[in-house]
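Before we start, here is the structure in question, set down as structure tokens.
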């Protein structure tokens, strides 16, 4: 009987599942969750085999949102792929832009002015705030809170989106970075607005944590659920907050030190258990660190040009070569692999999508937990189907 | 036919229906339910005699029924636990196949 | 009031027969819940209010739930497919035996000089019941309490099975 | 203690409930059709073609049908056909003009790359987002008549950018005039003909009065 | 509605009775009884039907405000016509029955559920003279009718022939079996203290004030407060409200047992859920909050039914507030909460109540001792069991690389 599962804390993921399975052989229920399901975060499908309410098998099915992104990238000019990267992880277009711009700049040996680098850091950290805030909201929605945390998260997200809109012209599909800088300079008052938002964000996080972090129901629903061991995380190529929640200190901002990150003082929070609660808390703590980075960057940002004067917009043809460039996106390592043959289009264009690679461990995390936990674990992995399916 | 007789016949018929079910069906749960029905028929008698019978202590019949209901609840709980245990061992709740005492 | 009594009897016996004869186990359980409600209606008709509500609470509210739960837990068992010839003959003999019992009972009841006392239903309040239970029947009450506790524990032990003995195989 | 976290959460929601009645920082929704948020200047939606003159939009389009935007458009939603003949543009110069200029807004992804690559500042981003149509094939396919908007409209939408563009165009035009004049002078000098050519008439077209945008 | 009003009471207090007599007074005696019963049925249905309509609106408005948005405000003044617009929408929607469904049960489930939840309204005393049916064992009747509602939810889940609905049916059963017990155990001390199972008797026993200030409501005793808390938690679970809305957990099971219901049948489920919530809240008011009794002697001029309505609405708002805040439990946690926390707590509470009623004669310093012992008996098990329940859970500290 599945209702008498004594304590999920004691069981490693998948432990004794097979034994239970054998005992009730033939009593399994196969449920297709998705592609239209309220909590699969898009058109994603989980073929779940249930014993009572316990997941004994889970097969993720995706590709419903496949758009041929990489092939289009090989047939579009370098610049023309930039707006498509917005649509990979549509919550984090700024970091996608940056990762792509960084790859092309590396390919073309393009320098970036200082102000643009600062702006990129600011925008990336704002994106991280935005993404983690949304994730916390969605995670709680998956836990069954009737929309309240999600609405608070969206209220704050709107403020960041307003900033993006007044800077780039679009809330989500920013298309802001260019090879050699940023497209336009921040309008008058933008940096002050960003400063005000950054200063107020801490109090929002305090309130949000008061609502949720100490909540016994949330702790019962997330602690000890979906434990990801550091070993599995590393061998599966998991990156981002998931990896850090599993206790592995790996943050590309520290490891690669790309952009101007080495100039800023920030810490990398690490979890000890690798469970859903750690994944949630690591993100909350990362947001607090992001606020610190933002405060430093907004204090130090210099005046100056936003675009390298040598950068070419039209007729951009990098010399032949091959690069892989990556940054620490909010969801993990987002990387672009480009091969140029000297033409206006890349010969090969390949994305390393963090969502997809993090999603591969879904079954390992879910086995032995109940169907309600599977939904929460999926939420804590933080996927965006635009990026998974591309 | 006096009302008491009618009530007793009602109870007797209900008892027979339960008996028929308990004997005829091979599904353990249904057999259990047939027995429940027979117990209910007995309870009906208590109330019928309490209502029409010669006056005794005012609450005797009702108290008997209450005790009976409590005992039935216990019986069902144990019976169904047995059914589940049988199901676990035999993959079936047909009583004909539950022939072994040890699983 | 006799019309009400006849109606109650007909509904109760009818649902009971349908439940016992039915093919669908779940329908049987739901019909039986109805039959139990009919019995409760009889208690109510007879004036035993407390017993009627207790009957509904225990039978419809608890026992039928537990039975349904058991039905769902054992729903994939390979039986009830088609009763073989052995099953049919058994059913026939069972019905005959039950009919014989019914015949004996009804005959006996009809022959017996059972005159109903014409008086009104004996009134019994909850307070009276409580006093009786705590007074003359206190020992029986304790015994039932012990029985229920033992049954509960026994049921848990039986249903829980021997999960602890299984090897923990970590994949 | 069990329950303290729950009570804390209840306190937060109660605070928000009360706050939604008096605190505009908490109560952030706007009642959309009646009440509209102010769009930032940078806001972009779909492209439009800038014409110098509101009275004669087709005659004064800045677009010279060079087809760079058509080529650069990532989703390829622009279709241009060059004219066979030449017509005078706003400055009176003979120019090729777009005989056909269609943008399929059902395909357009508002990336603004056409605006960035246009060397003539002829295509800019509009801010009208209430574009619902009953026919998805023709209703969202905008031709050059639907796309042409006067420069004054551009000034209304993006005043900073429009001023910059006007400045730049004016300087370019002046430089072109200077160059033309210099070339003419050189030519005259080379021809060594004493009577100097009179300077050409000023080519600046007065801006039309601002018209309200078609809402 | 029975019990003759004494003329010494205020006009407003007697107003419903006068109204009833004005309508049915001319009828001869047996017909009058029938007409009176019908009238009370109509009155209960009308009042609670309207309450249901506006409760849905209030819930959406309050949820909206908690979430910093206005809630429905387009239909009518402040969205007041929203429930009626919803009703029309529900009525005009297509009624879809899956082909593989058990047609009869699929139809019967919402009807049974609604009928049973309306039955529970019969024994609640809405005011001094407003009790539709006076029964000697009214509380038992209430819970007998309420217990059967979960059967209907099971029917809905099973008859839909849908995997989500089946899972929901299993959950509904597990939930019912688990929470029936603490619900019943939590009010046993009340019966013990008042010595009656009749709702009118229980309310009457809570009349009067200590020092003309503190009402004799059961909730103002240590065991009463604990019992009230247990009752309300179990009532949340029994009425399938958040955080115990597992049968219709939308993030896991789409809509649970409602997945295959549409149109008016869906509306019936919705209505039954709210009726069940109202009935359980009404019972909580009756058992623990003094029913229709006024909180202060000086406030007695306000009619009793107004007090009842006020208390009822307060509890309902509490339900909504909780829904706006808390995430959902998991099914095993739900059952564990019932069996390992609420049931033992309720049993200990029974002992506390027994102690309380045995020591009712204590006075002076002994009175303080009585309070102290009772408080320890309430708080001690709560803390101990709570620690057991949340073992291994707690806030964590994090290290930084």
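Should a chain be cited, it is by its letter among A, B, C, D and E, assigned in written order, with residues numbered from 1 in that chain.
As a working rule, a contact is a pair of C-beta atoms (placed from the backbone, for glycine too) under 8 Å apart; a residue touches a chain by one contact, two chains touch by 3 or more.
Everything numeric in this text was worked out from a predicted model, so none of it was measured.
Of all the chains, the one whose CA centre sits at the greatest distance from that of subunit E is D. Among the remaining chains, the Cα-based centre furthest from that of subunit B is the centre of D. Simply put, of D-E and C-E, more C-beta pairs touch at C-E.
The geometric centre of subunit B is 85 Å away from that of subunit D, both derived from CA atoms. Subunit C and subunit E, compared by their mean Cα positions, are separated by 29 Å. Computed centre separation for the pair subunit A/subunit D is 34 angstrom, with centres defined by C-alpha atoms. Averaging C-alpha coordinates per chain places the centre of subunit A 43 Å away from that of subunit E.
The set of subunit C residues touching two or more other chains comprises 50, 54, 62, 66, 69, 73, 159, 161.
Counting partners per residue, subunit E has 66-69, 166, 170, 174, 324-326, 390 as the residues that reach two or more other chains.
Shown for subunit B are the residues in touch with two or more other chains, namely 84, 88, 91. For subunit C in complex with subunit E, the residues that touch the partner chain are 26-27, 30, 33, 49-50, 53-54, 56-57, 60-62, 64-66, 68-69, 72, 125-127.
Residue ranges of subunit C in contact with subunit B, taken from their complex: 2, 5-6, 9, 12-13, 16-17, 19-21, 25, 28-29, 32, 35-36, 39, 42-43, 46-48, 50-51, 54-55, 58-59, 62-63, 66-67, 69-71, 73-74, 77-80, 83, 87, 90-91, 93-95, 97-99, 101-102, 105-106, 109-110, 112, 114-117, 119, 121-124, 128-129, 132-133, 136-137, 140, 144, 147-148, 150-152, 154-159, 161.
By the touch criterion given at the top, residues 2-6, 8-9, 11-13, 15-16, 26, 28, 40-44, 68, 72-74, 109-113, 116-117, 125, 160 of subunit D touch subunit A in their complex.
The residues of subunit E lying in touch with subunit C in their complex are 105, 135-137, 140-141, 143-145, 147-148, 150-151, 154-155, 158, 166, 169-170, 173-174, 176-177, 180, 195-198.
Contacts from subunit B toward subunit C in the complex involve residues 1-10, 12-21, 23-27, 29-30, 32-34, 36-37, 40, 43-44, 47-48, 50-55, 57-59, 61-63, 65-67, 69-78, 80-85, 87-88, 91-94, 97.
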